[in-house]
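In what follows, a structure is listed as structure tokens, so that the remarks can point back to it.
For reference, chains read A, B, C and D in written order, and residue numbers begin at 1 within each chain.
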Amino acid sequence: RFFKLLGGGILLSPLLRARAQQGLWDAKTLEPLKALGTPLSEYGERASFEAEVVRYISPNLRTRTSGADFAPLEKLNGVITPNGLHFERHHGGVPQVDPQAYRLVIHGMVGQPLMFTLEDLKRFPSTTRTYFIECAGNGQNGYRNPPDPNLTATRSRGLASNVSWTGVPLALLLKEAGIKPEARWLIPEGMDAVAYTRSLPLDKAMEDVLVAYAQNGEALRPEQGYPVRLVVPGWEGSIQVKWLRRILVTDLPTMSKDETSEYTDVMADGKVFAFTWIMDPESIITYPSGLQQIKPGFHEIRGLAWSGYGRITKVQISFDEGKTWREAALEAPVERRAFVRFKLPWNWDGKEVVLWSRAWDEAGHTQPTRGEFFQKWGRNNRYHYNAIQAWRIAADGRVSNGDRPLSGLAQGPSGGCGGEVFDV
Amino acid sequence: RFFKLLGGGILLSPLLRARAQQGLWDAKTLEPLKALGTPLSEYGERASFEAEVVRYISPNLRTRTSGADFAPLEKLNGVITPNGLHFERHHGGVPQVDPQAYRLVIHGMVGQPLMFTLEDLKRFPSTTRTYFIECAGNGQNGYRNPPDPNLTATRSRGLASNVSWTGVPLALLLKEAGIKPEARWLIPEGMDAVAYTRSLPLDKAMEDVLVAYAQNGEALRPEQGYPVRLVVPGWEGSIQVKWLRRILVTDLPTMSKDETSEYTDVMADGKVFAFTWIMDPESIITYPSGLQQIKPGFHEIRGLAWSGYGRITKVQISFDEGKTWREAALEAPVERRAFVRFKLPWNWDGKEVVLWSRAWDEAGHTQPTRGEFFQKWGRNNRYHYNAIQAWRIAADGRVSNGDRPLSGLAQGPSGGCGGEVFDV
Amino acid sequence: LLGLGLAMAGRYNLGTPITPEQVDPYDVRPAVLPDGRGLPPGQGTVEEGGRVYAERCASCHGANGEGYPFNRLVAEPFPITPETESTQFAIGNYWQYPTTLFDYIRRAMPYGNAGSLSADEVYAVVAWLLYQNGVVDGAQPMNAQTLPKVEMPARALLQLDPETHKRFPWLKLP
Amino acid sequence: LLGLGLAMAGRYNLGTPITPEQVDPYDVRPAVLPDGRGLPPGQGTVEEGGRVYAERCASCHGANGEGYPFNRLVAEPFPITPETESTQFAIGNYWQYPTTLFDYIRRAMPYGNAGSLSADEVYAVVAWLLYQNGVVDGAQPMNAQTLPKVEMPARALLQLDPETHKRFPWLKLP
């Protein structure tokens, strides 16, 4: 059979045959040339060989309708998160919404309550922008002490994704309804089984919030709010209400189910912070990263950085746990409140080493070390972890979590279910 | 059942019930609130309601393993073409390539022939850039005379797509092998059933050609060359060899099967042009566009523009067949050799009107009218059509092809199979 | 007359104008605000709440709200400290507004069957949960007047995030 | 010694160095260049080609190359004009290089079963097609020496695209 692969008439010498099989390639390498491939198709699917590139779902979850899964960051390239791999977080499963039946109502302190069909929304002036969305719980595994030796980049920071969103600026819809002077807050509501709500200040809505209906060119995916969601640039994911059905315009925040019972932060001094909306700067080295194995020689250190405060201005890499730093290259276009890909060429000499990365944004913020982080945030907090993630490369090339244990008591994963789905 | 939807305890008056059914919304609108949605999933699929957003495959094709299908441009948003909807063009079907068995060989006029595994390629410094890829046959339906009244934006210009590609610069691989001084050409070869080849000048390869392995963040799709293809920025799609298995470095072009028997252009003066590589500027209004129907009132005219010569600097819209022009807004970031989204706010007064768009690029090139186009190109040519596409909006809001018939003889579709798949 | 907003109204003339009365049947789970707006008529006692809880909630949250398989609902009525294990965060020690409890349950509980309780039943189970958490003594029924007045122990801990304060100086927590 | 390129070799030290002999069995369908490089030993006559064609090609391209269901392969040996219908473009009137014909057929034909013809068979069917198109008189067999010398009528029409000429002044068509 192998002879036949090499095709027509040309007889292979046994010598050549031996060579071909001596590890340079095998019969499979030449197989695609043999026969016609698959025909044109109306909608393409990925290669079957990529089946293991999937979102990470913690085996500890007690339900898969209120929980989260993680984008497989170390298996992705560039900065766009493919639609099928955008992280998920929902509180009542993913509703299947018929776009014909879909309605958005804006009411409350407005001059004229309005109802919009999906078609209405699409007729407004549109905006397409690339923004990250990050769950406030991203990094939750960092609260563990001692650190999880089996951490991957996915489980470290995969509750974040980056997408080209298209929608209508919420400001246009609000102006269409006419906002009354006493209005200060919006209460957007989803049409999932738990009618998810949050409180969003009107000011932010007038600035840059999108009522989005498309994601990387096509309609939103059900998990990201099909047919319509809020995109609230730079703010925690949980405020970017999906399956948006209604916006109440009012003068008070609602102090809603999840914004108080869940996304409310415990600080080291015992205070509890409400409304920690802006996502702090973040970076994660995706290559080399946890559970990968590398060989000595050339490697391009690669990673992702982002900040809710705006543009990433600098990403630094340290090979000596923060004593000295080298600056990585940022790949253009570097957009505001979007993932940026950073890279540093590197020759690994085969000796054990620990890699750190830290991002800086245009507001001058940067990432804390673990020690610095816990001076501010409670050890029992569950959100907004953005401390530097360390990766240790052992002499055999194996990469593992390089975070050092915290002083003080040992501490289980923060939150239930292995710390990978917050509080259930 | 409708009562129950409105939920628990709160009894609806018959009046309210009547109102709810008076066309504002129906029971389906509230249904998603009733029950838990679908659980977390490892890889997301699009909503079932989007099933009709598919690539257009001409019913006239005699085979679906050598042909093309079209990205549904008027159903897409922003500038990123979703991976499942990238246009397809292949000559022997889509091979299914095992990434473990995959090899790339560079040989010929090099100091050291080299063989690369996929893993080898990924270890090189990487580049991620957004580039359009456009089939040289895009616009082929424009050769018809009289024009096709049922033309859509898809069938007019859908053999183009725009993707964030990640790969290794080909220059790095060539330098690794060492190029001999007499080398001028590369002959890249695919591993499809017809071992597709083209001739590519070494100069271009050293400048910006990518050996790409990822597309919008994830692995290439099979239809776009999984696991590895060439991306040749700004040049005709047919030179961007997919399923790349081999690059012969040599001193002559091969004048290969498709570059001579197919992608060779017939000019109005009877000459035939070889190597028309750079794709001329192009624009297409996607909304409102052929077979859509609009109502009087506000509309945002939307479209896509691109040019192989570099950045789009301007897109103009005419409402009077080119007598006067208004400038559309270009949405940032405007990247070189990539789609740009243009927009113009517009109030339609309900009177018949014809819309034109024309793109300008940084090299100063623009699109010709149909008349101008055919002063240069043969009426029997099949490629590189980039004349202005007109859309006529009738008083009833129906949109149809607004191109005017050409003077001279009537002419069937250029190429066989309805002009939608070149020459078979 | 109606301020700046209205000056711009109708700019695009898209969307369907509707009356507040037309919104009502669409507003199936009204948002409850901390001052009590959004709360429906009706009321419920601790005792009634115990019956509702046993029948509709205990299977998921434990016989006494201790929480298995799903969330713990009952905690000591002392606010959390930096030492409290986060799995112990619950109504008595972490929740900051009593109105949230009504809103949460009407909006989302029983999980997968939200909207199946009457307003009275929601008030009752709210009364029972506040009582079990030691936040109220159970003497008065819960209704639109009494509930917003309940003081949650953790409210004292709550502060506005300083970055948010910088960005929105007008913003005060209810 | 080996020029600029080699000075850079081994920069990243990635990839496996192989010998030209190791490439040979991988190079299953070598590219044919217009000067004949890449053509294998062997040869074929018009007569033999007719037999191969009838057996292996006619079902797709018609008994005489007139083309149904797939491409027309035979045309008058006059180059196309701006009036020629593009469905009539074929070897005799549009193809510019004889070597392309060998390369095309070895690379891709019979469609779906490329590689199943011997070098002699490919030469033979090439000879037959050139003869049917009136490009050769069929007197000599086709082989690595004779084929590159065949003059295709459409070659006279071929020019480099002017934009390409601007960009690559060194580039000349073979």
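The definition used in the following text is that a contact is a pair of C-beta atoms (placed from the backbone, for glycine too) under 8 Å apart; a residue touches a chain by one contact, two chains touch by 3 or more.
What you are looking at is a predicted structure, and each value in this text was computed from that prediction instead of being measured.
The interface holding more C-beta pairs in contact, when B-C is weighed against B-D, is B-D.
Distance between subunit B and subunit D, defined via averaged C-alpha coordinates, is recorded as 29 Å. Averaging C-alpha coordinates per chain places the centre of subunit B 50 Å away from that of subunit C.
One inter-chain figure worth recording: subunit C and subunit D are separated by 77 Å, centre to centre, where each centre is the mean of the chain's CA atoms. Along subunit C, residues 12, 14, 16, 18, 22, 26, 28-29, 111-112, 114 each make contact with two or more other chains. The residues of subunit B that reach two or more other chains are 24-25, 29-30, 33-36, 63, 65, 92, 103, 115, 123-124, 193, 195, 298, listed in rising order.
Contacts between chains form some other arrangement here, matching none of path, ring, star or all-to-all.
Pairs of chains meeting the touch criterion are A-B, A-C, A-D, B-C, B-D.
The touching residues of subunit C, when paired with subunit A in their complex, are 2-12, 14-20, 22-23, 26-29, 31-35, 37-38, 69-71, 80-87, 89, 94-97, 99-100, 103-104, 107-108, 111-112, 114, 154, 157-161, 163-164, 167-168, 170-171, 173-174. Across the complex, subunit A meets subunit B through its residues 24-26, 28-50, 53-55, 57, 61, 63-65, 67-69, 76-86, 88, 90, 92-103, 115, 123-128, 164-166, 191-193, 195, 213-214, 216-223, 226-227, 243, 298-300, 302, 331, 333, 335, 341, 343, 345. The part of subunit D that touches subunit A in the complex is made up of residues 12-14, 16, 18, 21-22, 24-26, 28-29, 40, 106, 111-121. Note for the complex: subunit B touches subunit D at residues 62-63, 65-66, 91-92, 103, 105, 107, 110-116, 120, 123-124, 172-181, 183-184, 187, 189, 193-197, 201, 203, 246, 248, 250, 252-257, 260-261, 264-278, 378-382, 412, 414-416, 423-424.
Of all residues in subunit A, only 5-10, 12, 16-17, 19-20, 24-25, 29-30, 33-36, 297-298 touch subunit D in the complex they form.
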